[in-house]
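First the structure, then my questions, so here it is.
Order of writing sets the chain letters: A, B, C, D and E. Residues in each chain are counted from 1.
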Amino acid sequence: METETVVFSLLLLPFLSALVTLLCFRKLGNIASLLSVATSGGILVFSLFLIFNGENEVFSWQTTWLRMSNWELGFGFLIDAPARLLLFVVSFVGFLIHIFSLGYMADDGAKARYFGGLSVFMFSMIGITIADNLIMIFVFWELVGFSSYLLIAHYFTTEEAAQASKKAFIVNRVGDFGFLIGIVLTYWTAGTVNLVELADLVDFDPTIVSTVLGLALACGFIGKSAQFPLHIWLPDAMAGPTPVSALIHAATMVAAGIYLLVRIDFMFTEQVLAFFGILGAGMGLYAGFCALVQRDIKKILAYSTLSQLGYMTAAFGLGMPGIALFHLMTHAFFKALMFLGSGSVIHACHHEQDIFKYGGLRKKMPVTALTFLVGVLAISGVNFLSGYFSKDAILLTAYNTNMPIFLILYVGAILTALYMFRLYFITFEGESRSESASSAHENGALMTGPLILLAILSIFGGYHSLFPLAIVEPLLPDIELVAAMPNHMWMIVLGTFAWVVGGITARNLYGRVGEADPLEQKTPVFFALCQSKLFFDQIYGFYVQRIQDPCARFFEVMELLFISGLMVRGSAGVAGLLALIGKAFYVGKIHSYSFWFVAGTIGFLAYAAGVFGN
Amino acid sequence: MTTDQILLLGSIAVPAFVSIILFSGLGRSESFVKNLALVGFGFPFIAGIVLFLNFDGSKGGYCFEIFHPRMGLQELKITFHLGLNGVSSPLFAMAGVVGLAAGLTAIHSGADRLRLFLALLLTMQAGLMGLFASVDLFFYYLFHEFALIPTFIMIGLWGGRDRRSIALEITIYLTLGALISLGGLVALNVMVDAEKFDFPSLSSALSQFALAESTQFKIFGLLLFGFGILVALFPFHTWAAKGYECAPTSVSMLHAGVLKKFGLYGLIQIAAPLLPEGALAWSPYLLWLALGNIIFVGAVAIAQKNLKSMVGYGSVMHMGYCFLGIAVCSSLGAGSGVMLMVAHGLSVSLMFLLSTYVYKRSGTFEMDEMGGLGTKTPILACFFVAASLATIGLPGFGNFWGEFGVFLSLGQNPDHHFFLYLAALGIIISAIFGLRAVARIFYGGSSDELLEHEKKNPITDLSFSEILPAGVILSALLFLGLWPRGISDRIDQEINSRYSQLSSEQSMSLPPCCLLDKGDLENNQSLSIPLEKIPSSKPSAEK
Amino acid sequence: MEAFLNFSNSNIWSEIWPEIVLAVGAILILGIDLFRKNGSSSSAGILAIILQATLLVVHLVDYLVWHHTFDRDTFSGMLQQGIQGDVMRSFFLLSSLLVSILGHQYLKGKKLRAGEFHHLTMLATAGLMLLVQSNHFLMLFVALETVAVCFYTLVAYNRNSAKSLEAGMKYLIFGALSSSMLLFGIVLLYGVAANPEVWGASYDNFAGQDPLGFQYLGNLLEANPDHLLLRAGVVLIIAGIAFKIGAAPFQIWVPDVYHGSPMPITAFLAVSSKAAGFFILVNLVNGPFLGMADFLLPLFGFVATFTIFFGNLAACAQRNLKRMLGLSGVAHAGYLLVAVMASMHFAGDSDRAIWVLFFYLFVYLFASFSVFGVMGLARLEDDTEHEFSHYEDLAKKHPWMGFVLVSGIGSLAGIPPFAGFVAKLLLITVAYQANLYFSLAAMVIGVAISIYYYFGWIREITFHPKPSFSDEDSEKTKDLWLQVTQVGVFRFCMLSLAIISIVLGLWQGPFGDAF
Amino acid sequence: MESITPQHFLFLAFLLFGVGFLGVVLRRNLLLVLMSLELMLNGVNIALVSFSRTSLNLDGSLFVFFIMTVAAAEVAVGLALLVALYKKRQSVFSEDISLLKN
Amino acid sequence: MNIVDLLFYFFATLSVGGGVLMVASRHPVSAAMFMIISLVSVAALFVLLEAFFLAILQVLVYGGAVMVLFLFIIMLLDVGPEGGKVSRIKMLSGLAGCLSVGILIILLLQFSGIGEASLENWQPIQDSEEVVGDSLIFSTSLKNFGYGLFTKYMLPIQVAGFLLLAAMVGVIVLSKNANMEKEN
């Protein structure tokens, strides 16, 4: 098989699936869901073919998509090492989540729309992965945003989902605004947006890159990966179905921001990288505090995602893109696992999402509880689980290169353990605190199967040598760098200390809780501060309600008053007034009319006499 | 005469002829009228598509030319000259597509005095096809007027609230615009000593005796403001939203979608290439005005609560991008402007069509009185979401390429970067009002008013006759979005030759990669000259 | 005696045969009318129509087929004849034919005597024809006054109506006032021309010249463009003509007189009288006054601008349609003045602008007669009080009337398919060529304003007055309109006017390349 | 005629013309307005005759002949109109004859 | 100052004075009388200018025909003096009229001072001279007058005939009894 045929099939398969679903199976949800799952299976097959067929070589293929004046845009593919990694993550996790969705969405009324949306997502995500130029990435970037919009709005009859979907799209657009400008500036400074050519060009003339350019390009990443200050959309996006959260808002799409950074890492100057370091570390800490006080199981996971994305960003900022990708991969496993676990819980508890309404689920849902615990341990960095390797690599790098960032990240690590164990204890331990929790029971194999698979990956995913070389190739250089760093032992101690402290504190605090949050009772001020999320939602609300909408109304008033009013109506009014004056001359009396003749004659004669200066 | 020429002439003559038949009152039965009208709208559609596909731009210039020197005022060197070139053929096809959709909508609209309505609409269609097919500038203007005047009558007869006063206001406003642009065209006619009053003759005459810069400045100014009023350039845009809100759907579709492109077409195809120095001199002012369209009108669109006026303001807002494309005075900007014109014509007419569908179901255009329609009318919701996203420039729809190209062209000149930053804000603004509308109409729960309305009028999803026009337009939009080369190659060929004068002045700011051979990059060791020393005058076009 | 013979030989009466036929015909009609004491006077009308139609055809054949196109002086310099004069002659013949047709319809409705009406119309037309050919101020004055005296009576022809009489009175007083101004102007020119030395004008070769003839005065003015007395004479003459064409500030009489006159006479005034005024003006400014072009242009510019704005703005506020048409006619006079200015600018190649003026006048003729013709069909209590509301939904009730009326209004407004658009286009072109940018701008704004009232009228005619969903009681209002279906000739004429308006808009034929 | 120059006559003509104009403007009685118009024409006549005399050119004098004819005709029509109007309106004052107005 | 000058000033004063009084007089009959005075003095001025034929015509046409016609009509209509009290508005408009016409007259008079006429002596009339070409020589004799009218001004004189015809027809139209027409 020709490689480009495979690539095209890979790209078009989900697109066609979505199209067919839209056109034919709108009312036939079951067929649509099966089609979609089959599609994701197909994607997995094609992806694996691509990963293993290429003999670790870079595959690229190109055709002209658009030619306008001196701007020529290629439609092309670039399948190199990072692309293979992401392709694996996307297709594998995607496949599992498709299967999970079969169970989770079994009795949903709009299955066709849901699975169609998933197919659109797969299409655009694969597009980002294999695109070979920035404009193409931007195209799929926007399409990913669109599918995210579509899936968040799945339960569009609820006000929450309607608002959340809108918010997600618009906030992403704000990021894209910068990204777009970045692309335009890149084009006019470098003359190309093709990644390979760009890399060569930067290599040849490093003065092309500049801080401003880097920051502009980074805007796209900030929006999509929900980094400060555009992080507000992600928690709200949890209004969508849980598998969607797992796939899009945890494992793949938000990680695409990191992937973008990795793809264009040659475009960033030292300053930009430093900025990323601080940005990521801050995000890790901030999201940790926010997660600590959430009651909604999905929101906790969402903030945890934010925090882990912060780690990846920090890793990238510290100059270790491989490590960032590594964490991306492991995070995809355990975060998808936990989201799916939470989905399983939610599904079992009749869409109850408040963790304080759960309790004691371990006995009722043993598989879910166990796999969830694996996820918790992995993310907390328990030794020799997948999260341990990637996270400790980040911490070690920070420890050796940048102490302040390390300190922030380390506090974040303790917090991670704390809130993850909090989630586990409140949900699965103790007594059932509500009707729905007490009547919960384990879900079917369609849902537990992916959980188990992901749990296994979460345990062993950190051993990069277990993976085929074709997948983990991009990680190796940086992993070797980290392996060569000093202070390994010290880091093991510190890491262990972090998760142990977090776990024990959580056990003490949350081991036996009622309907109320014990932290709120003990330190109300701290709790309130965390709950406020540093007032970002309020600031955005304030912006929309007090700045944007009044501004729009102000412009509308200006339009009515000055343009439509003063300019148009005003000139019409002046004309009307003059018309009335003109009309008023017609009084019908001969002697008043004769004044016109006198005046005219005087005027003419005066003109002849040169009174007007001719 | 070849088949293609017959198609070209027929696309004007058939609707005109059908409209005369309808005016004259032949044939009583309603089905006869409807079928005849369908023929009248179908022929331009087919002609548009066929000619679009048959168009061969490799020779450059005009194809399918029909020339008749004795028709027209000899005195003013006016001749009857039809033909299509790379810029007009996509627009011509677009006019056919939108015309068919508008025609289908009108045929099924159930308006009273349907015969008259269809006759007027067909007159408009004939004018629109003629407009883009004219090579002669006078006939270009004349056809525009043929399309414009039925608009006033149709707004006056079948419009919504305040139709009489709005019809009057629009008429005066647009007549002023048309007169000013006529003044500009006359100035061109008088000042240029050309053999004929069409673009090729004018440009060959100008290439020998160029006009003085001050003259160019004046004439371009006349054309700019005349056309600007017709295209709703800020601050002359107030008629647009008001008029579209009031006009019957098919009229809004044809006017906002196609007729409004008249002015932009004139600026891109005629004014800027013929008066390059004038265009350059006006460019700074035009940039600001276009920004006014994008930011100011965009903000006004956010504040709208009425769906149709929101769509109206939105369409005005997007016109700003086309103006930006013109203002940058480069072939990239102009070409992207044309692409955006085509896509915008399709998307905005789709939006008007869909908002009327919404109105039919909800009985109101007030967005606060809707909500939750998505569960009741999923197909409509699907179309509406697609149309909104197309309007706000989502990739996959044609609008994206146009907008992106305009942004790209703004990046070319560092002086324009400021405008790039502000203009790009438009993608956020349009997302805000577009998605807000979707959320208000289709998401959430139904409002009390809607429930009340539903009791009397049960809400049904789109019927086949409603899907058909929307589907035609949407598929055209998708075609543009997925395969932009389909039109960009034609536009590019034509625009590049037209804008050669303008772009030669700007080759200085070409990016380094365009100045380098790709081969040099690969073995960059052999390249010893520093970048700065590469002569900047090396043209980029010779690829 | 020899000199007498010389003079007599130069008086080739056959050169003015159309005028003679008209005058003799007028007397004939009067005579027939005298002998038919109480019979219906329609025979006079029919005779007049046939006579004028025949005359028009013969005249057209005469100058189009036999090509008397060279310019020649006749009647010892009283007249100058040529192609332009011939075109204007056919213009006046056509116009008076249409007045007779309209008048025929009108007089039957009003039960007024027809003989005198047609007599006066034909005399006035003969006078107008001589007027535009005159090459001598005395001839000009006498012809002008003949026309004026005919018009005084015609305006007041409906003597049962106080309004008509009042209009006649106003027209008479202002007409006399303006003609005395014109006269004074002529006298001042004569005074200087007859004896330049006395008045300090430099011209030596004046012996044997005719001091009232255009040629001599042209030379004199060219030699003395700064002479104050001459300037005073020129502006007074222009003031007198400005009255005729209704140019500001001598426009004030227009709406009142239009308002009170019988409908056919309103049309006659609007078309023929104005056209004659313009033709004289063009003749003067391109003949004797050409030397003063630099002096006159600013004055004309001001007058044109003022006229355009006054006419259009005042027309906006009118509810009475006859008054509105009068004021819009004022505005048209302003546009035409721009053409006159353009013709002065071309100095030497003024024909272009003059032909544009002709075309405009012809278009104006067709349009005005369409409008006034249909208006004359309204069966109102008081036929001077036409209001917008009387025209509600006319197009639906009587499609052909609506069509004729809309084509007329459209042509006046300058909407494309109609000839008015081409006329305005040509006007804009010549104005641009003559660099009259300021007047051009005024014209454009004026046209835009004029859309307000023209379109307002069209709106009444075509747009259904009530919202389409509640159309009851449209039959309640009484139909004001005569059923003129049986009057085939009238309907035919009206429809052909409308069709000519459209055809001229699309194909200008000889006008397109005649110049 | 030694010290009387053509200017004197012109001066007189202007005065008469002006006085006539004054009558047209001031008087409300239409009869008097008509008379004033005659006065204006008389002013013109004086100027004409004096011009004719100073230049020894007969055209001016002939012109006077025509002016008189026209004046007589105008007066005849004007008075007939006035009488007809008087029958309708019972007045010859201009403020009473103002049906035609806005 | 010789007698001719004196006569000129006398008649000039009389004609202008008559005019002013005519305009100012309240009763139409007295106005007509003043008018006659003015017209006759104009005739006298014609005599001074040696245009005897025109002087006679002036008296016949104006004094004889026109003014008699006026008087007839005044009597027929029995028009009284202009009505009643002078309101403030009338005063104001009268004042404005006087003012504006005053300006007009002043402006006009300015023109009469133009050129500094160089004519010292009035050229004598040469009655005997033959008519040559298009230019007619000023003459006191009727012969030249008639000659001019019937050669050069043949066409205008015919037109003037039609003008009188039109006026006649007009007067007939306007003064016919309205009711009679109705019967027809």
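Keep in mind that, in the parts below, a residue touches a chain if its C-beta (ideal position, glycine included) is under 8 Å from a C-beta of that chain, and two chains touch if they have at least 3 such contacts.
Owing to the predicted nature of the structure, the values given are computational and were not obtained by experimental measurement.
In summary, the chains found to touch both subunit B and subunit E are A, C. C-beta contact counts were set side by side for A-B and B-C; A-B has more. One finds 6 Å separating the Cα centroids of subunit D and subunit E.
Subunit C and subunit D have CA centres that are 26 Å apart. Subunit A and subunit E have Cα centroids separated by 101 Å.
Separating the centre of subunit A from that of subunit C, both taken as means of CA atoms, is a distance of 77 Å.
Multi-chain contact residues of subunit D (touching two or more other chains) are listed as 6, 10, 13, 17, 20-21, 24-28, 30, 33-34, 50, 52, 54-55, 57, 59, 62, 66, 70, 73-74, 77, 81-82, 84, 97-102. Of all residues in subunit B, none touches two or more other chains. Chain contacts: subunit E has residues 97, 100-101, 104, 108, 111, 117, 119, 135, 153, 156, 160, 163, 166-167, 170, 174 touching two or more partner chains. Across the assembly, chains come into contact as A-B, A-C, A-D, A-E, B-C, C-D, C-E, D-E.
Interface residues of subunit D, counted against subunit E in their complex, comprise 1-23, 25-29, 31-32, 34-36, 38-39, 42, 45-46, 49-50, 52-59, 61-62, 64-66, 68-77, 79-84, 86, 92-93. Residues 583-584, 586-591, 594-595, 597-598, 601 of subunit A are the ones that touch subunit D when the two sit in their complex.
Partner subunit E is touched in their complex by these residues of subunit C: 3-4, 7-8, 11, 16, 23, 27, 30, 38, 41, 75-79, 111-113, 116, 119-120, 123-124, 126-127, 130, 138-139, 142-143, 145-146, 149-150, 152-153, 156-157, 159-160, 165, 168, 188, 195, 197-201, 207-211, 213, 227-229, 232. Across the complex, subunit C is touched by residues 575-576, 578-580, 582-583, 585-586, 588, 590, 593-594, 596-597, 599-601, 603-605, 607-610, 614 of subunit A.
On the subunit A side of its complex with subunit B, the touching residues are 22, 26, 64-71, 113, 135, 138-140, 142-143, 146, 149-150, 153, 156-159, 161-163, 165-166, 169-170, 173-174, 176-177, 180-181, 184-185, 187-192, 197, 200-201, 203-205, 208, 548-549, 551-553, 555-556, 558-559, 563-564, 567-568, 572.
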